[in-house]
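Below is one structure, written out as structure tokens, with a few remarks after it.
Chain naming follows the written order as A, B and C, and within any one chain the residues start at number 1.
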């Protein structure tokens, strides 16, 4: 029971970070990035291959995260350019379709080049007891990094000038511009950050359980569920929804089984849309 | 979309909206093109009829035409983004297989029941979308979520669905549906019925509302068209078309598995086909499906690159050819006509 | 300080403002008056980069800012308070003010200048902007605009939607800013109020300047008296 809750909180933070990465892109650029998870799998592949070629783990992880960040940046500067020329619903729709295209290209490439690859970062050592629960070094490290990243994100959005500028663009783009904020620069920054976040989460996950090469779409859907439950565009909502769904996920897979768990998560997203389309903290009805 | 785009996309509708005589003429054009397509497709087995594998590819091509017509009706005509095309067909297929094999119901009756179930679910989506006034994106997300949940249920309920390994469908095995060529004509018949149905729908008062809806939803609401009712009609009819096609496929193929109905294997290719042919155009689905089925065969040696190819096509199509082949031809033609008129003046 | 020559602007290739020229000298308060739909808002939006300029030029301190983006104009030292205010509804008063100083950290000194001008904002420091009254939001919008220590303040209908007493208060605050030497360009329908503050004024109708002069001249002009001051 304690183990499930502890697991759930760490998992929830990961879900939260995953959701934040997707939701800021929606809030800022009106873009629903369905290539989100695929970007992260590329990061995991890079980590796995650089470690195999003898790079120290820390450096390999950094390289992987930078790769995902680079893909985010590249998407923003290339394929999403025509998307920004549209407004409102047409913009979201086009972004959704173009990024499905990107996801197909990335997934297709990965499955073609590395058909049976499973990515896992094994970090050895004996289990350590935390609150009477034995934890492996890998998952401890992952939890620590996750907690740190969650904290850093909250600090960034609450307390830094740049973080507040990002939130200002989400809340009122013209208002932000009147204050001297350049939305295009902010967007570039956020898409890079978004790539880094999803890369980080997936690398963390590969420390505790193996990530299959074809997991991209599933990760995207998971992030989408968190984002929808939290309210599209709401950073606070994504964090909270991530935590709740993480605990639900851990408890439910502990007591019921993983197949029902997936259905529960999907149902959570569906019911959120039906009952409260703006999500937990969303601003638009 | 600029006003010019809208005008060229709805080129036929402008004609249809006109006097009754014009409508009759354009119906004639539509029915003629259906007849031509029907004849060409009916002759196809002369060339490929002796190859079992070619015939099964052709049948699956026709299956996708059915999917694409339904999607064209739901998304093209009423702007509802249903990302559960595969799932609705899967509902029909699994329901019909289970009802006939498990409950011993004769399979034609089972197919009808299964179709009814898909109609119910399709209409249900539209009803929910209308009641909760969901926009395109949220409708897309809700239906996508349904699709994924359906896939999970298929995988999880092993004793009923056979899980990942799939389900052998007994019902229909002793009929002509399992022969080499007859099922092709059954599917062709279904395609022709769907196409004629599409034309009839669009030339009736429902079609008038559909076009108004597609061109300008606000204006449609203002002129007193009950937008929600027509959306639900489209959801019910489209859902039924998908369910029936899926159910028929189950009895023809004799085997179904979750992979046959996933978002990635059905919805994305259908979106590609419809947009390639021309969204909201009668023959768009036929042209799109024919093109992609043919390309799939020609490029069979590169099937490991299929996903990459589809992803690239999706991007290229939406950026360069958003009105599809037919749309591009039509605006090209009307551009020529306009130029000729101005030069005459 | 600000010279605008022959500026035309509008929406979707249909110009609403047709060849307007005005200038604002340092330390002046200049009013643009006119009825609803005269083109005042379109004009100010075009000057501040919110709408594209279709013809003409905007020069600020000797250099052309005609084609600059909104944020570039803001960083050049012009603060614009649009009629729609464009506050950040889910942020607190303090956070809104903080963003006014972007890209720098807000200075405590400048924040106390704003709080001196609008003591109400100091009381509401931790309240979310979206939950405040219209008058308070207007104060916050002006306050936010002042946080960057602008050299020129442009306001579009600062009294829109305010009760008469609040409108008068808003102009008292602007008068206080004027004594501190702030240059102000303001578009306004409440003509008596704005002419009591301004040094000079322009009358805009159907997208063009019909009349200009000192505030006193405009107050005495029979046309202005008839159309805007309600004197027969």
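A few notes on this one:
The rule we apply is simple: a contact is a pair of C-beta atoms (placed from the backbone, for glycine too) under 8 Å apart; a residue touches a chain by one contact, two chains touch by 3 or more.
The structure presented is a predicted model; accordingly, all values stated were derived computationally and were not measured.
Put simply, the chain closest to the centre of the protein, by Cα centroids, is A. Most remote chain with respect to subunit A, judged by CA-atom centres, is C. Subunit A and subunit C, compared by their mean Cα positions, are separated by 42 Å. Averaged C-alpha coordinates put the centre of subunit B at 55 Å from the centre of subunit C.
One simple way to say how far apart two chains are is to compare their mean CA positions; for subunit A and subunit B this gives 33 Å. Subunit A has no residue in contact with two or more other chains. Put simply, subunit A touches subunit B in their complex at residues 32, 79, 82, 89-90, 92-94, 96-98, 100-109, 111-112, 217, 221, 224-225, 228, 259-260, 262-263, 266-267, 269-270, 273-274, 277.
The touching residues of subunit A, counted against subunit C in their complex, run 161, 164-165, 167-168, 171-172, 174-183, 283. Within the complex formed with subunit A, the residues of subunit B that make contact are 1, 81, 128, 132, 134-138, 140-142, 145-146, 148-149, 152-153, 155-156, 264, 268, 271, 304-315, 318-319.
For subunit C in complex with subunit A, the residues that touch the partner chain are 48-50, 69-72, 74-75, 79-80, 82, 84-91, 95, 98-100, 102-105, 144-145, 148.
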